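Next come two complexes, and both contain chain A; in the first it sits with chain B, in the second with chain C.
This part shows the complex of A and B:
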């Protein structure tokens, strides 16, 4: 990642282009009989990625099967939040997708930091809370009261107490 | 229950059987998330007429060793033979909409297919669309949002194969060269006028129009036994298979 743009086939003639200015149709420079979509790079200022384990240098084990490493490699700064801080994570560590410290700006110890989603081997999704969130997000007023109850002015510890101790128990 | 067919055949079973017949042996076929009907149709084809197909079922615990990105890159390099889509609207020009209903700036419904379907429908060699109804709310003169277009300039490299579209009333196809929908066959119990009345644009209907051969006892039996058991034992939408695919007791 870090490339300025990326080509992809598809989408010609769709209304997607009317609503986005980050993709255009352009000639394939190696085959001028072909046009493809060219999408401008997405380079987030900050990516915050939740890991199973991290070491203090920033090497970490991210969730498997995600796009987290690609996101990190496209971002200007990367904050890893982790269930556990351990002595050392190497590329051979099993149980997650390895990301090396060269990609990482900061590491935060954040047990239960994925709540209300889950982390394999640590805790399950909190479906009840996800339901609460979805219900609250159906209109502005109920979402504002959700934020006031759980987020605005709350510390992480206060949030964790509010969403019950249940999620702190390892799922087995 | 679907009008016109054996009262023991559900809409889901009808679409599963019809699509399974059109899978060609040795094809690499894939479906996306929450695709019970496509998954069952691939497994039925594999159990009957197309035993050598490669199936990619993202929603299956055991039948797919693939991730979303595997399908993405497979189809980008032109190696995916068949992909399944549904959509909420189809129009006369061969556009489909799987994104929003109503004004895109203030939609009455938001749907998930703003992007992925707009890639796959250009890069898979063949596309099977299906709808569990056939009505003028689905077949409209102009879609509210173009998620995918059928007619594109020649510089857009894509398969020449027509889209095929399966509904509860007919099988249709959209020919990119003539830019027109044609009915290939009409299901038992429906007439050409039923299709015209329930399609919000002009569609070519041959005269006389072939009748879709209804799902046979054998196809339904295989679906309700072998395919059902395979879906349950492999974690391929097992609750759905248990509920929808059932041997009917007389």
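This part shows the complex of A and C:
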């Protein structure tokens, strides 16, 4: 949006303003009888987004959610991971939201990169793995074991082999 | 035009300690491969922003201990009708600072 702040109606009447400095109550300059919340613009250092397709220049096709484009435009640096790297993505692409290379810093080819969450048209979320994750999240030691089994000291390709070995196993 | 195509291990160098990191998505389209690469790195004190909300993506960075601040409108494991397990645990133990934009 490129604006320094924006008025919003939510949160008015709460005490959050006593605890944080990114939102204040302010008078509407056009109608001073009205008071709204005014929130300072967020310009994050890095945005991380997972796309269906991207090209090596940084153009990408994401799920159809407007906020993804806004996130990319508001952030200083943008990392796109993508299921597929294709020759060229254009604004006319159908089946998703287009993000221009202008907004993208780096593109990574990451097939199955949303796992254990899903990507429409590619794969469903992995309920069994999410269950494993939830069980592992009970305390620090068990989550550390989960990370050591699947993530830390392993490459992404090794992670994918570990989790897809079971998924691809034929049902008995 | 130079290619922007890099490996996960190069992309993670774009992020620095204390950075404000934003992501979208939940149980679809979460950028988990990149978050796993962050887990393999020494990055710390990240301020993680979820637009709109968050689920296993934000919860993962809480669980790795690399998120110091969380800024979002909601976080949960909605398809499983339960709270986000690491977030819930860290919040109750006052190990993260949560900014609620509900």
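Here is the rule we use: the second predicted complex is superposed on the first by the 154 of 172 C-alpha atoms of A that agree within 3 Å, B and C clash if a C-alpha of one lies under 4 Å from a C-alpha of the other, contacts with A are read in each partner's own complex, and residues count from 1 in each chain.
Convention: contacts are C-beta pairs under 8 Å (C-beta built on N, C-alpha and C of every residue); 3 or more make two chains touch, one makes a residue touch a chain.
Bear in mind the structure is a predicted one, so any value in this text is a computation, not a measurement.
S.K.: If you stack the two complexes on chain A, which partner ends up touching A:149: first (chain B), second (chain C), both, or neither?
M.R.: Neither: A:149 stays clear of chain B and chain C.
S.K.: For A:105, decide between first (touching chain B), second (touching chain C), both and neither.
M.R.: In the superposition, A:105 contacts chain C only.
S.K.: Applying the document's definition of touching, compare chain B and chain C: which contacts more of chain A?
M.R.: C
S.K.: Of the two partner chains, chain B (first) and chain C (second), which one does A:34 touch, if any: first, second, both, or neither?
M.R.: First partner only.
S.K.: Quick check on the superposed pair: does A:16 touch chain B, chain C, both, or neither? Answer first, second, both or neither.
M.R.: both
S.K.: What is the contact status of A:65 with respect to chain B (first) and chain C (second): first, second, both, or neither?
M.R.: Both: A:65 reaches chain B and chain C.
S.K.: Quick one: classify A:115 as touching chain B (first), chain C (second), both or neither.
M.R.: Once the two structures are laid over each other on A, A:115 reaches chain C alone.
S.K.: Quick check on the superposed pair: does A:161 touch chain B, chain C, both, or neither? Answer first, second, both or neither.
M.R.: neither
S.K.: Let me test your reading of the model: by the given contact rule, A:88 touches which partner, first (chain B), second (chain C), both or neither?
M.R.: Once the two structures are laid over each other on A, A:88 reaches no partner at all.
S.K.: So which positions on chain A get touched by both chain B and chain C?
M.R.: Looking at chain A, the two contact sets intersect at 10-11, 16, 65, 67.
S.K.: Quick one: in the complex, what on chain C touches chain A?
M.R.: Per the touch definition, chain C meets chain A at residues 1, 3-8, 10-11, 14-16, 19-37, 39-40, 49, 51-52, 55-57, 59, 63-64, 77, 79-80, 82, 85-86, 89, 99-102.
S.K.: Within their complex, state which residues of chain A touch chain B.
M.R.: So the residues of chain A in touch with chain B come to 8-16, 19, 27, 33-36, 65, 67.
S.K.: Which part of chain A faces chain C closely enough to touch in the complex?
M.R.: That would be residues 10-11, 16, 20, 42, 44-50, 56-58, 62-63, 65, 67-68, 70-71, 74-75, 77, 79, 81, 85, 101, 104-110, 112-120, 125, 130, 133-134, 137-139, 143, 147, 151-153, 156, 159 of chain A.
S.K.: Please name which positions on chain B make contact with chain A in the complex.
M.R.: Contact set of chain B toward chain A: 67, 69, 76, 95, 99, 104, 114-115, 118-123, 145-149, 151-153, 155-158.
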